[in-house]
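Across the two complexes that follow, chain A remains constant while its partner is chain B and subsequently chain C.
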Partner chain A sequence: MTSKEEKLRKTRKKLCELLQDALMLELTTIPPYATACYSILEQGQYDRSEPTIVNAEPIEVIRQVMVEEMLHMVLVANVLNAIGGKPELNNPDLLPTYPGTLLKGRGPTVHLRRFCPEQIKSFRLIETAPKDTGPAKKGDYRTIGGFYTFIMLKLEEACDVFGDDKIFTGDAKRQISNDDYFGAGGEVIEVIGTSTQRRDAAMAAIRKIMEEGEGADMGDRAGDKDIIPGPEGREDVAHYFKFNEILHSRYYHPDDSVNEPPTGGDLIVDWSAVSPMQDDPCESNYEKAPELAALSAEFNEAWTGLLDGLHIAFNKDKSALRALVPNMYNIKFLAQKLMRIPLPDGSGETAGPTWTYLVKK
Partner chain B sequence: MIAVTDDDRTYDVVIVGAGFAGGILAKELVSDGHSVLILEAGEDHGKTWETYRSYLDQYYLSLTKTPNSPYPNLPTLPSPSVLDITAVHGTEPDTNGYFVQRGPLPFGSNYLMAYGGTSLHWLGTSLRMLPADFEMQSRFGLGVDWPFKYEDLKSDYERAEWEIGVSADAEEQTPKALGIKTSGPNDNRGYFARDYDYPMHSIPSSYVDNFFARADGMPIEIGEDAGDTVHLKVSHTPQGRNSTPRRPKAARKILVGGEPQEQFRPRGSTGPFAFMGQRCEGNSSCIPICPIQAKYNAMKTLEDAKYTGKHRMKTITQAVASKVELGANGRVSGIVYKKYPFPGVPQYELRRARGKQYVLAGGAVENVTLALASDICRSSGELGRNLMDHPYMMTWGSAPEPVGPFRGPGSTSSYANFRDGTFRDKTAAFRLEIGNWGWKFAAGAPNSDVERLVEQENLYGKALRDKLYHDVQRQVRIGTLVEQLPRATNRVTIDPAYRTPMGEFRPVISYDLDDYSRAGLAASYDTCAQIFQRLGIRNHTAYNPSDAGYFTYEGRGYTFFGAGHLVGTHRIGTDKHNSVTNDKMRAWDHENLWLVGAGSMPTIATSNPTLTLSAMAYRAARAIKTAVRKGGAA
Partner chain C sequence: MGTVMTIHDETHDFQGFLIVSAALTGYDSAELQGTGCAKEYWHQFRQVLPKEILTEFLSFAPALGKKHEDKIIRQSYLSDRCLGPVSRSLIQLWYTGQWVPFPQEWRENYGASRFDVVKIISTRAYKEGLVWDAIGAHPQGAKQQGFGAWSLEPPKQRGAGE
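Right after this comes the complex of A and B.
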C-alpha cells in the first residue's frame, strides 16, 4: 500500500468517525426532548374547569425541534453512507446514557428531566451558537455548531486532497429520500449524482443541520432560512430561539434580533401541568417495584426496537423506516405511562423512561 | 322594519359559505385579481390553532363521537345531528333536531356549519364519477342526463385532486382496473388523461383490506343476465389525506388541467402547527376530526386564498345569510345577513353585503332554505326537489381470525365492482366500503363490547381484557353506499312554523327510498352475505324494526343511515324548466347569482360527492371570472 493510499484510508476512517459521532450527537438530544414533551399532562389529567389543552404550543415547539433532529440524523446518515461509511445505531458502546455529556465531554451535560424552565434552559444551551469558529476549525470545538464547522472543513480538505470521487464512494441505494422518510421537519437532501454533485449535496446537508440548529451564521437574525410549509411560507426560527420562545412565552419574528427578546405573538406556557418525573430516571429506583421495572423494560424494548429498525433502514433496507412509525407511538405511550406512576420512595416524584438499549444475549 | 346597515365595501364576488366549494371559488377568484367576501354562518373559529385545538378537546371529552361532536352546536346556529334521527310516524313531522322530518323515512344525514364546513369531519373519500353516471336517462331511461359529460369535467377533476391532495394511483383507478363491467363500451378509454396522475401514492392497504382480498375473483351474480356476473376485487379508495408524494418521471411532468406540475408538497396543519400532518399517521379518528390535519380540510384552501388575496379577500364569520335581495331585471342587489357578536346568544345586527356577483355555496340544504326564504329561483319548480343521499347500510360480522381493526383511516379500500353495469336499469348501483374500525359505526364498538361483557357476562380483570381483545380483534364491517334517483318528492321546503332562535327557516325534509335503491340495498346485502360466507365470517348483522331507518323490501327488513352526501337540490340542466341553474351553475332566473355545491349535481351515482362538487367549483369559477370581467352584463 502506497503512503497516499494509506493516508486516504486514514482520512476516510477519520471522516467516518466524525460523522458517526455526529449521528450519535443528534440521537443524544432526542430522548431529553421527547421526555420533556411527554411529561406534559394531556387533556383530563390536570385540574382545570375549562376544557382546554394547556401547553399545546410548547409541546409543538419542542416536537418541531425533535423532528428536525430526526431529520438531521437522516441527513448525517446520508452523508456517512455517501462516503461509504456504516452508520451504527445499535452499538451499545456508542449509544448515549443519561446524564451524559455532548461532544465526548467537551459540550454541555444533558439530563432527562420533565418540562421545566431549567430543562428548557439546558436545551437552549445545547443549541447555543459558537461564539468563535476559529478554535473549532482547529478541532477545539465546544458547541454543536463548532463541531459541524470542523466536519465540513475536514470533508472539504479531504475532497481537495484526494478528489471528490475518492471520498464519495458509497452506494446510492443507501440514500434515504423524501419517499422513504416520513417528511416532517423539512426535506431530505439526497447525496447522489456525480462526485461533484455529491460533494455539494453533502455540504448542503451539513449546512442545513447547522442552520436549523444553533443558527450560527445567520447574522443578527433569529430566522434559519428554512421555510415553514404553508401558503405564507413563513421562515422558521433556529432551535435556540424556539426554546427562548418558551422561556419568554412569546414567539419570535424571523427578523427579530438575536440579542433582543422575541416580539411576536403570545405562546402560553403552564409549568404546573406537568408530571413530576424524577430527574434522570434510573433502573435502580425500580428495584423495589417490579411493576415499574417491567414497564421500564417494556419501554426499553421499544426503544431498542426503534434503534435496531433505524440501523436496518440506514444499512440494509430503507423501507424499514415506515414500519417504525407505530413503534414511535408505542414509545410515547409507554413513556407517558411510566411518568404517571409515583415512585415507591414517597418523594411524590414519578417514574420515567431511562432510554436504555437492551443488548441481546 | 329593522334598519339594515350596508357594508362599506362592494366586492366583485360575495360567497355564502366557507366550505369545499367556497374555498376553491375564493382561491380561484382572488388568484385572478378579483375581490371576494365570504359570509360564514359558523362561529369565528378554525382560523387559529386554538380553535382547532378546542375542537380536539371537545372530541376527547365527548362520550358519543358523532361526526359533529367536536364542533360547537350553537343556539344561534343549530346543526343537524345524527343523534336526532328518529322514526317518523304518520303525518306528524319529527322536530327533534334541526331538521323537520316529514318522512316517510327519516333523512339521516348531517353537515357542519363552520369555517371549513363539512370538510372538517369528512372521511376523505375522493372518487370521480363514471361516464355512465352523467347519462342515466339515455343509458337506462332513469333520472336525468347531465348537461355535460364525464369528458367535460375531466380536467377539473384533475385540478380538484391536486387541490385536495388525493392519494391514489391512476392505473389502479380506471373502471377496468376496479373490476367494473361498464355499461358503455368506451367508458374505460381515456378515463385518465395520458400524462396525468394523482399527486400522492395510494394509502397502504390495511390488514383488514388484505383479509377481504382473499375473496378476490369470487363471482357474484348481479342483475338478470349471466353476462353481468362480476368478479370481486378489493381496490384502493382514492383519499384526500397525505401519503408519499409522487415523483414525476424525470422529463415528463404530471399535467394537471393541462399545466405541468412539479412534485406535490403535502400540506399539513394550518397555522403554527405546519410541521404536523404532512403524512397520515393512522390516528384513526378521520371522522369526526383529524388531530394533525393530514386529512384535507377547506381551511387549507381558504388559508391560500387569504394569503394570495391579501386585502382583496375578506371573511366575515358569525354571519348568517338571511335574504337574497333582488333589484331590477331579477338581478341580485345584495345579501342581508345577521351578524351575531356572541356565539350562542341569538342577538344580531342586520347588515347587507354587496357585490357584482353572488354565489350560494352553503351546501345542498342551506342554499335551498336561503333561496326559498328569499323567494328566488322559482321558475323551474325544481328548487329544493331531487334531494339525494347515499342510503348507507352496514353488514357486520366476526372474522375467523384476528384482523387488526381500529387502525388507520376509517376505510382504505372498497369493492367498486358494482358501481356500474347493465343491471342499473332495474337495480341501483352501489359501492361496498370496507371498514377499518370494526363495529364502531355499526354497534358502537369497542365501548359497547365492554358494556356487554361486564353487564351481561360478568367478566372483569384479565378475563375481561382477554375476551374483549378476542372479540374486538375479529370485528369486520362492510358499508354499502347505494345510489338514489332524483325524485321530485324527496325535497327540502320551508314552513314559517319552524324557525331557529335567530328567526331563520329550518329545513323541512320529505324523504323516501324508492324500489330502485331498495333493490340495490337488497342486492348489496346478498353480496355481503356471500362474501362473509366465503371468508368464514360469522354474520352478526341485526336490523331492528325499531331502528329509525328501518325499511322493508320484498319481505325482508333492513336499516339504513345517511351518508352525509347531500345532493341534487338545485341541479344544473339544459333549460330553465328542468333545472335551477345552467351547466356553469348560474341561476336561470338571476343573471348574477350562482348556486355551487353538491346541490348542483343532477344525479348522485356511487361516488362520494365531494370531489365532483370541487371539480364543478372550478367550472363555476371560470364562468364567474368571465362574468365579473364583463361587468355583469348578460
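Right after this comes the complex of A and C.
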C-alpha cells in the first residue's frame, strides 16, 4: 500500500468515527428529553368532568425538539453511509448510559430527570452555541455545535486532499429518503448524486443539524427558517430557544434577538403537574420490587427493539424504519406507566425508565 | 400522634386494597398503580362502601398471594352474598374505568350510597382500563398505537404459555 492510500484509509476511518460519535450524541439526547416530556401529567389531576391537557404547550415544545433529534440521527446516518461507514445503533459499548457526559466527557453531564426547571436548564446547556468556534476548529470542542464545526472542517479537508470521489464511496441504496422516514421534525436530506453533489448534500445535512440545534450563525435571530406545519405557518426557533421559552413561560418571536428574552405570546407551564420520578432511575432500585423490575424490563425490551430496528434500517433494510412507529408509542406508554408507580422505599418518588439496551444472550 | 396513626392506617388500607384488587383482576399491584388511577378508585370505593363492609373486604388481604388464594377469591369474595357484588363492581372498575352500581338486592340489605351511581371515574380511567391491555388493543380515541400498527401481530398475551 502506498503512503497516500494508507493516509486515505486512516482519514476515512477517522471521519467514520467522528460521525459515529455524532450519531451517538444525537441518540444520547433523546432519552432525557423523552423522560422529561413523559413525566408531565397530561390530565387527571385537576379535571374530573372537563378534560383539559395540563402543560400541553411544554409537552409540544419538548416533543418538537425530540423529533428533530430523531431527524438529526437520520441525517448523520445518511452522511456516514455516504462515505461508506456503518452506523452502529446497537453496540452496547457505544450506547449512552445515564448519568453520562456528552462528547466523551468534554460536554455537559446529562441526567434522566422529571420535568423541572433544573432539567430544562440543563437541556438549554446541551443546546448552547459555542461563543467562538476557533478552538473547535482545532479539535478542542466542548459543545455540540463546536463538534459539528470540527466534523465539517475534517470532511472538507479530506475531500480537498483526496478528492470527493475518494471520500463519498457509500452505497446510495442505504440513503434514507423522505419516503422511508415518517416526516417527523422536517425533511430528510439524501446524500446522493455525483461526488460533488454528495459533498454539498453532506455539508447541507450537517448545517441543518447545527441550525436546528443551538442556532449557531443565524444572524442574531432566534428563528431557524423552518416553518412549523400548522394554520399559522409560524417560523420555528432553534432548540436552545425552545427550552428558553419554557423557562420564561413565553414564546419567541422569530425576529427576537438571540441575546434578549422572548417577546412572543404566553406559554403556560405548570411545574407541579409532573410525576415525582426519581432522578436517574436505575435497575438496582427495583431489586426488592420484582413487579417493578418486570415492567422496567418490558420497557427496556421495547427500547432494545427500537435500537435494533434502527440498526437494521440504517444498514440493511430501510423499510424497517416504518415498522418502528408503534414501538415508539409503546415506549411512551410504558415510560408513563413506570412513572406512576411509587418506589417501595416510601420516599414518595416514583419509578422511571432506565433506557438500558438489553444484550442478547 | 393521632394524625400519624390515621395516615399509617390509610396507607395500610390502601395497600390492602391493591392486594385484593390484584388478586381479583389478575394484574399485579405495580401494573395497577401504573394505570395512574389507583388513588381515585380507592377514593370511589371508600365512598360507596359502609365502613364495616370495607373492613371485611380488606380483612382477607394478608392471606392473598399464597397457596389458598384461589379458594379465598372464590369462597370469601365472589360467592359471598355481600362481598360478591362488591368484588364484581371493583373488577369492572379496574377493567373499564367505570363504576357499575350494586344490584338493588344488595342495597336493600346493606344500604345505599349516593356515590353508587354509574359513571366513568375520569378521562384517564377510560384510557387506562385494563380491558385494552387484556385484549391487546387500545381505547378508541386514545393511546393510538401508531402508523402501521394494524399490520403487526397483537402483543403476546401476558402469562400465555406459562
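Methods note: the second predicted complex is superposed on the first by the 350 of 361 C-alpha atoms of A that agree within 3 Å, B and C clash if a C-alpha of one lies under 4 Å from a C-alpha of the other, contacts with A are read in each partner's own complex, and residues count from 1 in each chain.
The criterion applied here is as follows: contacts are C-beta pairs under 8 Å (C-beta built on N, C-alpha and C of every residue); 3 or more make two chains touch, one makes a residue touch a chain.
In this text, all values refer to a predicted model and were calculated from it rather than measured experimentally.
A.B. asks: First (chain B), second (chain C), both or neither: which does A:N178 touch?
C.D. replies: So A:N178 only meets chain B here.
A.B. asks: Is A:R340 touching the first partner chain B, the second partner chain C, both, or neither of them?
C.D. replies: A:R340 sits against chain C, while chain B stays out of touch.
A.B. asks: Between chain B (first) and chain C (second), which, if any, makes contact with A:V67: first, second, both or neither?
C.D. replies: In the superposition, A:V67 touches chain B alone.
A.B. asks: When the two structures are overlaid on chain A, which partner does A:A289 contact: first (chain B), second (chain C), both, or neither?
C.D. replies: After superposing on A, A:A289 lies in contact with chain C but is clear of chain B.
A.B. asks: Scan A:V325 for contacts with chain B and chain C and give back first, second, both or neither.
C.D. replies: Touch status of A:V325: both partners.
A.B. asks: Mind working out whether A:E57 is in touch with chain B, chain C, both or neither, as first, second, both or neither?
C.D. replies: Once the two structures are laid over each other on A, A:E57 reaches chain B alone.
A.B. asks: Residue overlap on chain A between the chain B contact set and the chain C contact set?
C.D. replies: Common interface on chain A, chain B vs chain C: 43-44, 51, 182, 325-326, 329.
A.B. asks: Okay, in this complex, where on chain B does chain A touch?
C.D. replies: Per the stated touch rule, the residues are 49, 53-54, 56-58, 60-61, 244-245, 247, 265-268, 270, 272-276, 278-279, 281-282, 303-304, 306-308.
A.B. asks: Would you pull the chain A residues touching chain B in the complex into a rising list?
C.D. replies: 43-44, 51-53, 56-57, 60, 63-64, 67, 178-179, 182-185, 228-232, 234, 251, 325-326, 329
A.B. asks: Please output the residues of chain A touching chain C within their complex, sorted ascending.
C.D. replies: For this pair, the touching residues of chain A are 43-44, 47-48, 51, 182, 289, 291-292, 294-295, 322-323, 325-330, 333, 336-338, 340-342.
A.B. asks: Touching residues of chain C toward chain A in the complex: what are they?
C.D. replies: Spelled out, the residues of chain C in touch with chain A are 28-31, 33-37, 40, 122-124, 143-149, 152.
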